Every structure is written in structure tokens, then in C-alpha cells.
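Naming follows writing order (A, B, C and D), and every chain is counted from residue 1.
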Amino acid sequence: MANSKFEYVRLFEQHDHLLQNTWIVVRIDGRGFTKLCHKYGFKKPNDKRALDLMNVAARAVVTELPDITIAYGQSDEYSFVFHKNTTLFERRSSKLVTTVVATFTANYIFHWSTFFPDIPLTAPLPGFDGRAVCYPALSNLRDYLAWRQADCHINNLYNTCFWTLVQQGGMEPKEAEKTLAGTLAADKNEILFSRFKINYNNEPEMFKKGSVVFRDYELVEPGSHNVAAEVEKLAEPVTQSKTQAEKEKKKRAKARIVVEHLDIIKDDFWDRRPWLLSNKPGKTPKEI
Amino acid sequence: MANSKFEYVRLFEQHDHLLQNTWIVVRIDGRGFTKLCHKYGFKKPNDKRALDLMNVAARAVVTELPDITIAYGQSDEYSFVFHKNTTLFERRSSKLVTTVVATFTANYIFHWSTFFPDIPLTAPLPGFDGRAVCYPALSNLRDYLAWRQADCHINNLYNTCFWTLVQQGGMEPKEAEKTLAGTLAADKNEILFSRFKINYNNEPEMFKKGSVVFRDYELVEPGSHNVAAEVEKLAEPVTQSKTQAEKEKKKRAKARIVVEHLDIIKDDFWDRRPWLLSNKPGKTPKEI
Amino acid sequence: MANSKFEYVRLFEQHDHLLQNTWIVVRIDGRGFTKLCHKYGFKKPNDKRALDLMNVAARAVVTELPDITIAYGQSDEYSFVFHKNTTLFERRSSKLVTTVVATFTANYIFHWSTFFPDIPLTAPLPGFDGRAVCYPALSNLRDYLAWRQADCHINNLYNTCFWTLVQQGGMEPKEAEKTLAGTLAADKNEILFSRFKINYNNEPEMFKKGSVVFRDYELVEPGSHNVAAEVEKLAEPVTQSKTQAEKEKKKRAKARIVVEHLDIIKDDFWDRRPWLLSNKPGKTPKEI
Amino acid sequence: MANSKFEYVRLFEQHDHLLQNTWIVVRIDGRGFTKLCHKYGFKKPNDKRALDLMNVAARAVVTELPDITIAYGQSDEYSFVFHKNTTLFERRSSKLVTTVVATFTANYIFHWSTFFPDIPLTAPLPGFDGRAVCYPALSNLRDYLAWRQADCHINNLYNTCFWTLVQQGGMEPKEAEKTLAGTLAADKNEILFSRFKINYNNEPEMFKKGSVVFRDYELVEPGSHNVAAEVEKLAEPVTQSKTQAEKEKKKRAKARIVVEHLDIIKDDFWDRRPWLLSNKPGKTPKEI
């Protein structure tokens, strides 16, 4: 048969299974978003519509891929964390990354008109690229997320100052840049407050902290779980009864997926939500 | 600065540069398309609207990424061939794959309503996964593409028979399956012709051969170029003058990108289009 | 210059840096040792000379590569554990593996005549192949070492029985095999004791437990260190003063490297030697 | 059974199969040979004994691994070329590299006393590290080998000049370095000839060209084989009858393995020895 003669080409595929027992972060970034912001007239320093659209797309990704335990986004980027025990797609890097990128992009395009009803998309369409990175220790994962949230804070404070100087202060961009060169966070807060009566603390949480997407269960008392110890126990493949697995799957499917703007650098966020790291669904909150 | 403390996490990223001087094939496949065909009522054995939509999306990918020399698609899959000399994204696998997947998916969603005006998309949205494979020799690449086109032919002949038996012959799927078990191509042609007066050769080319997307220039006389030799010469990084590179880029941008349904297994297709493998733009056809 | 024209071939080298913050195990195995045992008349089930030679070679490896925190060997295999914080050779897999293999092989050949003074080596010479595996969690590493030591125990009990049946019981190998088929550990102990008056517990520790190679410092009280917690803290690159690094290097260089035959499955071994995992040299024992 | 509980750790091994249909070059380099040259008093600029020892070790590697088609060495490095069709060790990188390194090192240590009868080895023993690189096209492979041979020529001309200036010209190293700074090949030849009556062309071929190790058959007429075309045909896995494979294996085993000092940059060497690239054993020369 003609087909078999060519089929040897399958041998050229190379394995890309990610190391077991590591947290897999799939990070996506907008392709050419500087240009795109300009093309569609995104507001500076933050366009709420654009961020809401990012969040809707991220929520769809988390909904469709229950192995994602948490996602964090800011600006034109989003990071999706697969639990270190995941066996989805046999942990093949390209499958994981492209599935996230495709689902995110599809939803971004699909929901565009909801957030930008008067601004039709034209070619070339928005898109995202992505890559997977493995983090062996819980502390590495926490530091990765802290890195992104710290980055959000730093950029947002700078951008808020910069655009206030330009938009309200009437400065040329170059001039605003010079004004901010070498300033510390305190200086920037001071500029905003003394010149423009803006208290940075009152800026929207979404702008200052970015967005966190996760399944929501009842919060627990901090200190009631030793999450780090629970996570360490998950170092070997879990053998779960099918009934148990089914039960957890159902609980996860029922869980509400929320988008919030919280501090994920400090421990409190994690202490009160042990399910994020233990991968065991929490208690579903009673409906009121 | 808080940021730098966490920044060490960047060290965990791993290189995924694909081997130099190899043809890079990025293949994408529809995610869960069996279910999706059913959900949106795709026609069997082929839904022209769905294939046209695939082709529009593929054309957009080839347009946006001039390093792609040819693309071939059938059913819910498409293969994009980056020329072996490409340095796009430093040949990083995840960048190449996700860019193709995102661009394809974005266009698929965006153009859906053109081809299915009465069938609105609902969650979960269509998506594609992808992976990159390297082929060192031209013959490996040609065999890869031949493999996909042979696969198209085999499946389409089978599916055409199967669905004709069901739709026109009134058979139950199981019965049709049994009827076709063990039959050769000649037998299937005979079934179609003797029972249903269908000459398989007259079926649409797009169904029988799949779709080929490429930049179109003036055809050359077969035998006038020694393509294999030209390709072999491209084994080392090409050092081109900037003027020359600019000129080729312009020519490429001006070229019409076509979607055709041709035999790409035989040599003729390639002999008449030396630019596909040499990566040197051909002669732009005169407009009439 | 002629050279530069060819130098582009360096671009074909691919990165093979191992993931940060993971324990790197380089495992080497004898090449064709079944044949080799026969060729040089190694004693069955264990040849003390051959094992002592393995241990001398392993000791040389640990001496030359201070980033190795512990090594474990049995039969014709040895596993070398690089601390998860190592930056040796930028963690390049091929450099790490080949350096271990070369050092081990060189010493095996060099010291052969000490252990086999009457048996000259002839071509093909003994050799070892190797590979590197990363373990993210301390528990994974401990389980890896436990796996090898359990394997040693299982094989040695079986082999001791088998060869006793053959050598002392006068059985044909096939017959001995049949006798042991399906037996449990208790059955094998019973066979040895009831038929041959051999108490397996009295067999040499090196045969039963394999060999552990490590730097020796003063033992600590179990429970006085929380090793797991100390190890977890090493999840980010350590920034050490040069003086401190120099000091530790000297202490490590002075430490005695020992070859012992201890249980490394249970916690006790590790609790009393916190330096193995913390990578901080212990207290040098006072010389008497 | 205790063993199975730990066995999950095998899942952490990662695949390292090298891309099909590419030439695999395993290059080994002496570890710390600058120091070692000094320790054992190697002669400058070339120590014939040391090079002969390298060649003996390389010959042993080629003898034991018939999938190696050619090897090239100079100074303290050696490159071993596995034919692009090899399936040895399923093309696993670490197996291939460590087997070469171990075999080379073992022979280097074993034969040391033959070449340095009065200079005993002491710890730390000589060793080699290695890595594998894939070359997709024959021209890439040829360029790789040309790169190494050009490097040999360049270094040897420089070193010959340098050490002649020091040893015969009585210069301090720094002075000799300065004298040679910025000189071209012609200048160096001139220095050797005019100041020291040394005609560089008369230097030993081994020093000027390095060493080539390969299986020797009857030379063919240049032009009688189209090697490039034959090689291109080997792009897919070869299906050979077992009898044919056995026959070739025997022929290969019988072939004499030679160490020569020839130009491998020009075509002539390859044209006359088509078996090096075609991987089909040539005609065994008649014994006289």
C-alpha cells in the first residue's frame, strides 16, 4: 500500500515530555501587541476592555482544562499553571502549549466584539505565542508568580505616572521619560499625589495587581492546613480509586471559576486556598 | 528591587531551538473534531464549507509568515513547511508552533460566520493543537507530504464509499463497514460505479487531493532547473546583501498566494515551481 | 581565513542543560559485563575483587568531583548524585555524564591489576555507559536510591540461592531456576538455611546492601536537623560570599571519602548525615 | 514487593534519541590537558608519543563500533562519525557518547605505558569529555571535518613558529607571542624558513594534517561513483535482507582499519573511498 512506503517519516518526531513532578507553567504573550494597541486605539496606561477580554479568554482556558490549578495575567500576558501531578497529554510540551494558546486565542477573537462592539477586527488578527517552563519546587512556582505580579506592579506604577504626566501634565513622552528616570516607587507615588492629586492606592486593583483565575471553594482558616507538606507528599504518581477520581472531577466541574485581583506574593492567599496546590477540590460554598 | 529577587526563575526556561538546515514541518490538528463535526452538523463524507474555512485560515498563516514555503491540508489537519534555511524566531520550536496555531485558530474563528452564516459558534470553541518535526533531507520532506496526500486519498475513497452506502444505499454504518472490510481501491471504485453510478475520478479535486497553499509565480519548464542541487547548496547559512534580501522580501509580499488541489507526490509539481524549495522568489506572472 | 568559512557548523550543537533545582543522578552501567564476567572468570554470585575495583573507581570519581554528594553502587552499576544546586559545567548533561564515565573507566582500567594481578586485560577493554536523570523532589531522589538498594537486595538473595544450589547443591542451572521460580524472600532464606546451613543475614554487607560512597564528617544526633526544610530552602541559586565558598571547598577537600555498606532506604542514614543533602560540609571528626 | 513501590522513578528518564537521517559526530576532548601536558612533560609543539597514543585509542573505538565510518583527530581531540543511517543504541545520544568516551579512555589508559614506558600515570588520571552533534547534509559533515582539519593546520603552523622562536630562537613566550601577532600564514612560513631554515612543508604529515581513521578497501577511480547521489538515496531506513547484512558485517569486520594523515578537505579523498559515505563495504585489497 502506497501509504506505508512513506510512513517511515513518523520516526522523525521527537519526544517532548516534560519532567515528572514539576509544576508546568504555560505562559502566553500577545504577538505584536504594541502595534495592535495603536491600531485599535487601546487606552493608556490600561484599557479595561482589553484586560476584561484577556480575563474572559483565560477563564475559558481554565474551564476547559481542569488540570490548570491557577492562572495569572497582566497586560498582554497570561500564565497557566498545571499541577505538578498532571498527566494531561502525557505531559507533552507542544500539546500542552498549543492547546492553551489555541483555546485562549479562539476565545479572544470570539469575544472581541463584546468588549469592542464598535471596533471590528481586521487582518492580521490578534494572536498569542507561548512556551512551557517547569518548576521543580513549590517555592520556585511561588517565586515565578511573584515575579509576574511584581512586574505588574512596577510597570503599572511607571505607566500610570508616565501617562498622567503626558495626558494630564501635557508633557511630551520624552520629557515624561526623563522626569521618571531614576525615580523610586516613593518618588512616583509623590509625583502622582502632589502634582495630580492621584492616590495610587486608589487605582483599580486589576491594574495594580493583575488578575488571578482559579476554582473557588470555601476559604479555610490559615494554619489549618500544612500545604507545603501536602504538596511534598504528591511527589510520586497518585494512585486513586476510579470512584474517588470521578468524584473529584465532578466537584471540580461544579466549582465556580473566579477572576480576582488579589495579592499572590504573600502566603495568606495560598494558606486560605489549600486546594490550589494540593489539587484536592475544596468544599463547595453553600449557595445563599 | 523586589523584582530582581524573583527573576532567577527565568533560568528554568529550556532551549528548544530546532536543528539547523532541516525542513521544519508544523502540523496542526483539530481538537475534538469528531465531536465538533456532529455538534455543527458537518456534511459527510466532506463538508465543503468546513474545508474552505480551513483553507482560508491556512492562507492567512502563509500570508503572515513568509518563511513558510508551502502548506498542505486535508480533513481537520494542515501542515506548514518552513524552509530549511529559516531563522524565524531563532528556530525556537515553541515560538514557531504556537504562532502557527494561534494565527490559524484566530482566522478559523473569525471567518466561521462567512462559511456557516446560520450556525453560531458556542463554547467550547474550535481549536487546534500542533507540533514541529524536522526533516533533514529533501526526500524526507517530499515523503512527508506524500504521506499526508496518500492518507487523504485513502481516507476519502473509503469515506466516499462508506457514506454512499449509508446515505444512498440505506445501509446501517456497521453494515457499510463490513461491506468495505478488506476491499482494495479497485473494489471501492467498483462499488461506487456499479451500485451508484459514481465515477470516483469525477469527485471534487479538493476532496481527493486535499489543498496546497503556496506563493504563485510563473511556472518554469520541467528540467530547466536542477532543484535538488540548488537545495543542497543551501546547506550553510546564506549570506545575502541587504538590498537583495529586501528585493526578495518585496517580491514575496507581492506574490499571489493560491490554494490549489494538485498532486504533490509526483515530481512535476515541484519541477515546475522551483521557488518552493530554492526559497528564491520566481517570476511574477504578468497581469492580463 | 579558511577556518571561518567552516565555522558555521558550530551552530548545529544543541543545548542540553539540565533543569535547575533538580537532583542530577548520573548512572553508569558496565558494557557487556555478562560476557566480561565469563571472560575474566569472575566468581559467582559475587566477586569481591570486582566489587572492590568498582568501589575504588567510584571513590576516585567522588574525589575529583566535589559536587557529587553521594554515590551508590552494586553489581556492575554505580549512581552518582550531584547536588540539586550544582552549576558544574553549567549543568550540561553530556559534560556531566562523560566526565563521570571517563573518570570511572580510567580508574577501573588503571587499578585492574591491583585487584586482578594475575589476569591481564585484553581487548575489548571493560567500559561503562551512562546517562543523567533529574529528580525534582528529595523524596524522588530518596526513592531512586531506595530502588537501587532494594534491587541489590532482591538480586543478591536470588543469586546467592541460585549459585548455592548449583555450586553446593550440584544442580543444573535450569533446575536451580525452576526451584526458585515463584519463591518469596522467606522461602529463599529457608532454602539457604535448611539445605545449606547458610544464614543469609551473615552474608557480607557489601553483597547484601551494595556500597555507599560519601564525604565523612561527624555524625549528628537524629532529630537535631530538619534536613527536608534545609533542602527546600536551597530552591533558589545560593549567593555565597567568596570567602565562605572557599572555606567550604577546603573543608570538603579535607574530608575523608568513605565507602560503606549501610542501609540508605531508612531515614536514619540521612538524619545523621545532614551534609549529604544540605551541601554544607559537616564537622571534621577529630583525629585520634 | 518493595521494589515496585520505588520503580516509578524510572518515569523521570527523558528521551534523547538523535534525529533520524543525520550524520552523528561524537567529539571528545581531553579534560584539563594543558595541565596534563605539563605534568607528564609532553614535548612542544607536538609530542609524537601522545598523538600515537590518541590514534591507538581511536583505532580501538572504530574497531569496536563498526557504525563509525570515519574518525578524525588532532591535538587532544577526536571526532567520530556515525553513518547517518545508524540505528546503534536506537540513536540515543547519551549511550553513543558515553560508549565512545569510555572505549577511548579505557584504551588511552591501557596503552599509556607502551608510549610512555618511563612515565607512570598518577591520579587524577587522564580523561575525556564528549558530546554528540547532528549534521543533516553531507556538505555540513564535510564542512565539520574541514573545520577541524583547518583548525589543526592553523594551530600547528602557529605552534611550530611559536615554539621554534622559543626553543631555537631563545625568545621569552611573551616575545614570541608578540612576534607572531597579526602575521599571516605566509609570514609564519617565512619566519621559519629565513630564521631557522625550516621548511614547514617538510614537517611530519601527522602534525600538519592530523590523523584519519577508517576501514580500508581498494581505492576506486575518482568519478566512477556518484557518492552524493548514493548518499541522498539513503534518506529512508534501509531494508536489507539478513543475508546481505550479515555479508556486509563480515566484510567490515575483515577490513583493515588504518590511521593516515591525508587531506580530507578536498574531494579527492572522498571520491576514491566511496564506502566512507555510502556505508557499503568496498573491495578488500588482495594480499600480496
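We take it that a residue touches a chain if its C-beta (ideal position, glycine included) is under 8 Å from a C-beta of that chain, and two chains touch if they have at least 3 such contacts.
Source: prediction; values computed, not measured.
A.B. asks: Report the chain whose CA-based centre is farthest from the CA-based centre of subunit A.
C.D. replies: With centres defined by C-alpha atoms, farthest from subunit A sits D.
A.B. asks: If you tally contacting C-beta pairs, which comes out ahead, B-D or A-B? Let me know.
C.D. replies: Of A-B and B-D, it is A-B that has more C-beta pairs in contact.
A.B. asks: Rotation angle for the CA superposition of subunit A on subunit C, to the nearest 5°?
C.D. replies: Superposing the C-alpha atoms of subunit A on subunit C needs a rotation of 180 degrees.
A.B. asks: At what distance in angstrom does the C-alpha mean of subunit D lie from that of subunit B?
C.D. replies: Centre separation, subunit B to subunit D: 43 Å.
A.B. asks: Calculate how many whole Å lie between the centre of subunit B and the centre of subunit C, each centre taken as the average of the chain's C-alpha atoms.
C.D. replies: 51
A.B. asks: What is the distance in Å between the mean C-alpha positions of subunit A and subunit B?
C.D. replies: 32
A.B. asks: Return the residues of subunit B touching two or more other chains; collapse runs of consecutive numbers into ranges.
C.D. replies: Only 8, 12, 14, 19-21, 134, 140, 143, 236 qualify.
A.B. asks: Tell me, which parts of subunit B touch subunit C in their complex?
C.D. replies: Residues 8, 11-12, 14-15, 17, 19-21, 236-237 of subunit B touch subunit C in their complex.
A.B. asks: In the complex of these two chains, what residues of subunit B are touching subunit A?
C.D. replies: Within the complex, subunit B contacts subunit A at residues 1-3, 6-9, 12-14, 16, 28, 31, 60, 63-64, 92-95, 97-99, 101-103, 105-110, 121, 123-135, 140, 143-144, 146-147, 150-151, 153-154.
A.B. asks: Along subunit A, where are the residues that touch subunit C in the complex?
C.D. replies: These residues of subunit A touch subunit C: 19-22, 84, 134, 136-137, 139-140, 143, 228, 232, 235-236.
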